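Several structures are given next for inspection.
Here chain A shows up in two complexes: once beside chain B, once beside chain C.
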Partner chain A sequence: MRPILMKGHERPLTFLRYNRDGDLLFSCAKDHTPTLWFADNGERLGTYRGHNGAVWCCDVSRDSSRLITGSADQTAKLWDVQSGQQLFTFKFGSPARSVDFAVGDHLAVITTDPFMERNSAIHVKRIAEDPEDQVDESVLVLPSAEGRKRINRAVWGPLNQTIVSGGEDAVIRIWDTETGQLLKESDEEVGHKKAITSLSKAADDSHFITGSLDKSAKLWDMRTLTLLKTYTTVVPVNAVTMSPLLNHIVLGGGQDASAVTTTDHRAGKFEAKFYDKILQEEIGGVKGHFGPINALAFNPDGRSFSSGGEDGYVRLHHFDSDYFNIKI
Partner chain B sequence: MGIDSMQKTNKLRWGEIDDEDDFGFLLPPKQVIGPDQNGVKKAIEYKFDDEGKKVKITTTTHVQKRAFTKQAVERRSWIKFGDAAHEDAGSYLTMRSTEDFILERIRAPGIKTEEATSSAESMSHLGKPGTVLMVCRLCHMKGDHWTSRCPRKDLLSLGDEPLTSEPSTSTVAGTGGRAAYIPPSMREGADRKSAGSDMRSRNDENSVRVTNLSEDTRGPDLMELFRPFGAVTRCHVAIDQKTSTSRGFGFVNFVSREDAERAINKLNGYGYDNLILRVEWASHRPS
Partner chain C sequence: MPVNPDTKMTLGYCFIEFNTPQEAQNAKEKSHGYKLDKSHIFAVNMFDDFERLMNVREEWEPPQARPYVPGENLQKWLTDEKARDQLVIRSGPDTEVFWNDARKKSPEPVHKRPYWTESYVQWSPLGTYLVTLHKQGAAVWGGADTFTRLMRYQHSMVKLVDFSPGEKYLVTYHSQEPSNPRDASKVEIKVFDVRTGRMMRDFKGSADEFSIGGPGGVAGASWPVFRWAGGKDDKYFAKLSKNTISVYETETFSLIDKKSMKVDNVVDICWSPTDSILSLFVPEQGGGNQPAKVALVQIPSKVELRQKNLFSVSDCKMYWQSSGEYLAVKVDRYTKTKKSTYSGFELFRIKERDIPIEVLELDNKNDKIIAFAWEPKGHRFAVIHGDQPRPDVSFYSMKTAQNTGRVSKLGTLKAKQANALFWSPTGKYIILAGLKGFNGQLEFFNVDELETMATAEHFMATDIEWDPTGRYVATAVTSVHEMENGFTIWSFNGNLLYRILKDHFFQLAWRPRPPSFLTAEKEEEIAKNLKKYSKKYEAEDQDVSLLLSEQDREKRKALKEEWEKWVAQWKSFHEEEKLARQSLRDGEVSDVEEDEYEAKEVEFEDVIDVTEEIVQESM
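Showing the complex of A and B:
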């Protein structure tokens, strides 16, 4: 396959997100402007100007009308996808690390980093239909058990009943969204040994995968938080995603960003590694980035995926037909 | 310029035609073929180049049809916004990679892990120098063996045939672990004589060198010449890359040694295309 290279960002990529129809791709980077691309030909459709810091995460509503972004400028912003206009700004006293729309798009979960005297926290915001009615108040604030450790990702569980979070303390937690209670914590024995960098849900919300700096990715049951599978690799995992079409897992990583300049790109293992979800065996890798991969996303149709790297490139891969009959 | 355009509107006499004029009317019209069922569309146009020569330009495009949802189609026509609204034409933010990237497989499909590792172990003791250069085209294993010596050659061609896992008398399996890999030729019931112990030596044995070929002789001619003596696996004539003419020698590989021997006996000194052929074994026999 000949990937499409998108060089819209001047700084390392942080996050990639497809909309539900799979025709739009949103990219976030450490430069301050999230960017919207057409997911088939990689043409740039627009940029969202207004943040004043690295943008860590974004999510798009089901109807592709609203975008929410979380940024290091201590805000999360709501955007009109089509025009690039800011609709609302949620202000926090600390950087917003991850954002996720709930099913129905009336709620959003936003995690904030520990900063100054503030501890890390998970905020649930109500998203109004009409941006005029939007309020800043959180519906629910979940205090982190490890207040000085970052929460790298929080997503909604099935039917918005739970929130699943993972972060630097390497523990995955499931919270009740009604009462704010902590329901489950991942077992220390089987869980990750180092910080969890990424968390990605299956299309049907039945399970999710976490990637960690302990050079492994783990597949968990969304309801019971039982460990299903472990995928081990040789480099810290920065990004994980699951194919919605085949039983494939894609891991992206590479060594620490600070060590990149001292490492040859061939030794760096900056490839997107494909694993069989069930057999836990590595299938192969797609090379191309010359920095660690920070973000991975599968198109909802499962026929293409994109990766974003520390090198500032988004690479959009449309699979060749032989990918679909790969046998282990 | 006014005169020029006047001339164009009037009927031209050939004497009035000068170099700057447009000869476009002399050319065949543009032709568009397709798209056919594979989505390939061909457009043929003609034009004059700078030297006034007629040039035919064939443009082949691949037309792809994609299904989009109604909303996605609507989004196609969205007006660009933000930085994308005033993007300079030469910015080239989006580029198609010139390099082809494939999903690089860890092992060839159809091979279980244990087999791959055990065969790798059995190969590792060979410790050949310069093994880094060796990449097997069949199983993509690096540094183990050449393609012709690939232990999985037969396996790959057979596809997903289930493997008989353990002949107890096998000598090659070494420790004879349950999943140790045994080449098909070494398995119980395999005809060891005919299978041969080594791909390479077998090929060499029945390879025949033909020299003093005429320049016009090509592979098919050689095939025609040697075919009557028995089954031929390979027929190759050395071609000079620059002049693409024959270099006057070639190689023919026979399946059986007897056939090769008969061919040598018969064709050595045979007159072919007004030259006298020299046919001999391609490599020196140790015996």
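Showing the complex of A and C:
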């Protein structure tokens, strides 16, 4: 497997997203500028300038024309992918953490952090066809049940009927988009024991995987919120992703440098661990990062994946033919 | 006190009433048998006792015979068919005992209990019991298949325990911080009979009486304070204090010959592991006028078997070989300028007539000796020496190829990342370990061939322990470090068998085995015919692994089938919602990726340039 090292960010990476066609890779980092790369060879296409704070998350529309980013500068911005031009800015009273386009790209869900007297909340915005017509008002605001706890990820459920959210209080919630009601909460006994850091949907929206600081990742059914699988590891999990092609999931994480007194003397130890989705067993790992892994994304064609770390590097890996023949 | 009205003298008895029954009991214990003068002794009895004794029946009835309940077979663990060994670990609040199953490559639990002990656990030397410590005292556990509490020993706030080598006696230690910080702490030591739980003797005193002779351990006294003589008889134990060695024998729990041995300025004592021979060390006195001396004393006769004066010695440490055949004394000597020390060894051959002594110095005299270890059951020893960041390891044998009477060097390994030596309990193999500064380097070395079998690493390992048979090694990272607590089991030649991670890992200990009943000849015979036996076991191993892989496959099949069900369900949902999805996307058709794009390779030629060149024909 040949990794391509992409150094473009000066601060730790926070999120990675491929577009639907799998030829573009968007990376967000704490250095205020989301960057666009070619997914094939790692060549950088350009950056999106405009944010004043760390960019936590991004999503790209189905036709790869629109990019939405959420940032700590209390705004979420809409960009034109090709030109890099800012199209619209959604203003909030607190840092925006997670963004996700709905099926059809007419709606977007944005979560905001608790800040001063404000609680965390989930906002749904209508995205207009023509950026000129874009308005700032939310279609729906869901006050979070957690209040002072951060919501780390919120994504759309199948057919945009539900929103699934997970955050620092380790509980996954399913909300009805129509009424704004809380429909389901994950079972406390089987659920995560510490903050949920990441959430990734399957290609067909049927199930999703969550990663948590309790050193495990769990697979859930999107409609019923039943716990399907649990994958345990030795380090807190910061990022998760699923292969669209094979039954593999990838976990990335690592002890924060401030939390550990001795680190492994072997540099580049932080690895992205591959697990068999069905058997819950570890298949292997991809080493190389010099710091904890914060972001993972699989190319929609399942033949490559990328990881972003605390060290500011994005590593792009194209699989060898051996990968597709892995048998346990 | 009733008085005789005629003589106005007391009748010789009185009644005393106390506030609490405990006070009364205390007073009775303290004053009963007290000698007033030569012919008068206090007899003190509880008032209740009178009633009881008065009511004794005239007729004697034989006590009813209780039906004989055979005790559990405490040695049952040795009869495990797969010849596995047991391991106890402490992690978090739990203490767990389990089998080390190398075939299955995972531990098989035997017994687990949270809060089984309040501080630590320890196996008895022959592996029969597991002792746990609690506020009220110590308790031993054991049994055939699981661990039941066999006996309790009362010693409140016990801190440390020690067994006699034959498991007959248990020594418990308690020390109390003094109220005045200038005083030494008060120490109480009790010796119990393990089987009955009876306290045989207790020793009380201040820490000073117990603490001489070694670096301070818990609360100033170095443990074990009482050193037991070797062998299974548990006949003698010795205590070191200022200028005296007190040797007690366990028939009466009193000093041999009713008095201690006076040895001026004795600093260290050490028993032979097999015989009742005591080695002691007296450092230099009088600024060099009286040289240091090492002596071997036979107990109980107190005859000095051998003595040697050592000159210019600053410190020494005594190492007995496990079969009691050799004693190595590492001496640190001052150089002529008295500014630095260099080390050497005095090697005593115990089993030979007159106990000859040999002096061994390292090739480089100035090398500091970092570690020393005898080969168990063997004639060799290993030394780590050197000053550089990577010290050298040397192997010596007490026998040379030609002559059995002289020590010879087998070899030196240069620049190793090692600072500790761990011989296998059967000898022959050793692990050169780099703990602490070297962050857990392990080198599995075969001393017969003098070659390395494997090198490995257990990052940040803090403890290394061989199992009692010498087949496996456990390396552990305890909660001294925050990360990656847990242990790993390796085979004797360095193959990693399995790794278990446990947070807050405190302790790991193999269950010791009693020495084998086979004679030395029988053991040699078996070693020679090992191939015969190994065939049988290999076949067994194969069967087990086949069975395991069968089970594995079944499990995997079940999981896969379950998953297929889910996938089918999701697929049906997905199909149903297809139309709805299309409308959401404003009629954009098909979210199925396969027929989206067709990659076609098209070759086309493009004429870039046309040139003419005339080639000369050569004649």
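The working rule: the second predicted complex is superposed on the first by the 317 of 328 C-alpha atoms of A that agree within 3 Å, B and C clash if a C-alpha of one lies under 4 Å from a C-alpha of the other, contacts with A are read in each partner's own complex, and residues count from 1 in each chain.
The rule is simple: contacts are C-beta pairs under 8 Å (C-beta built on N, C-alpha and C of every residue); 3 or more make two chains touch, one makes a residue touch a chain.
These figures come from a predicted structure and were not determined experimentally.
Visitor: Check whether A:Phe274 is in contact with chain B, with chain C, with both or with neither, and answer first, second, both or neither.
Guide: first
Visitor: A:Val109 contacts which: chain B (first), chain C (second), both, neither?
Guide: neither
Visitor: Taking the superposition as given, does A:Leu24 touch the first partner, chain B, the second, chain C, both, or neither?
Guide: first
Visitor: What is the contact status of A:Arg49 with respect to chain B (first) and chain C (second): first, second, both, or neither?
Guide: In the superposed model, A:Arg49 contacts chain B only, not chain C.
Visitor: Chain B or chain C: which reaches more residues on chain A?
Guide: B
Visitor: Contact-wise, after the overlay, does A:Pro3 reach chain B, chain C, both or neither (first, second, both, neither)?
Guide: In the superposition, A:Pro3 contacts chain B only.
Visitor: Touching A:Val286, do we find chain B (first), chain C (second), both, or neither?
Guide: Touch status of A:Val286: first partner only.
Visitor: Across the two complexes, find the residues of chain A that touch chain B and also touch chain C.
Guide: Shared contact residues on chain A (touching chain B in one complex, chain C in the other): 328.
Visitor: Given the complex with chain C, which residues does chain A contribute to the contact?
Guide: For this pair, the touching residues of chain A are 62, 102-106, 158-160, 204-207, 221, 223, 228, 234, 247, 255, 260-262, 264-265, 277-280, 300, 328.
Visitor: Which of the residues in chain B come into contact with chain A in the complex?
Guide: The touching residues are 66, 68-69, 71-72, 75-76, 78, 80-85, 87, 92-106, 109-110, 113, 160.
Visitor: Could you pull out which chain C residues touch chain A in their complex?
Guide: For this pair, the touching residues of chain C are 439, 459-460, 481-484, 501, 556, 559-560, 563, 566, 570-571, 573-574, 577, 580-581, 584-586, 588, 593.
Visitor: So in the complex, the part of chain A that touches chain B is made up of which residues?
Guide: Of all residues in chain A, those touching chain B are 1-8, 21, 23-24, 33, 35-38, 40-49, 63-64, 82-84, 271, 274, 281-288, 315, 317, 319-320, 323, 326-328.
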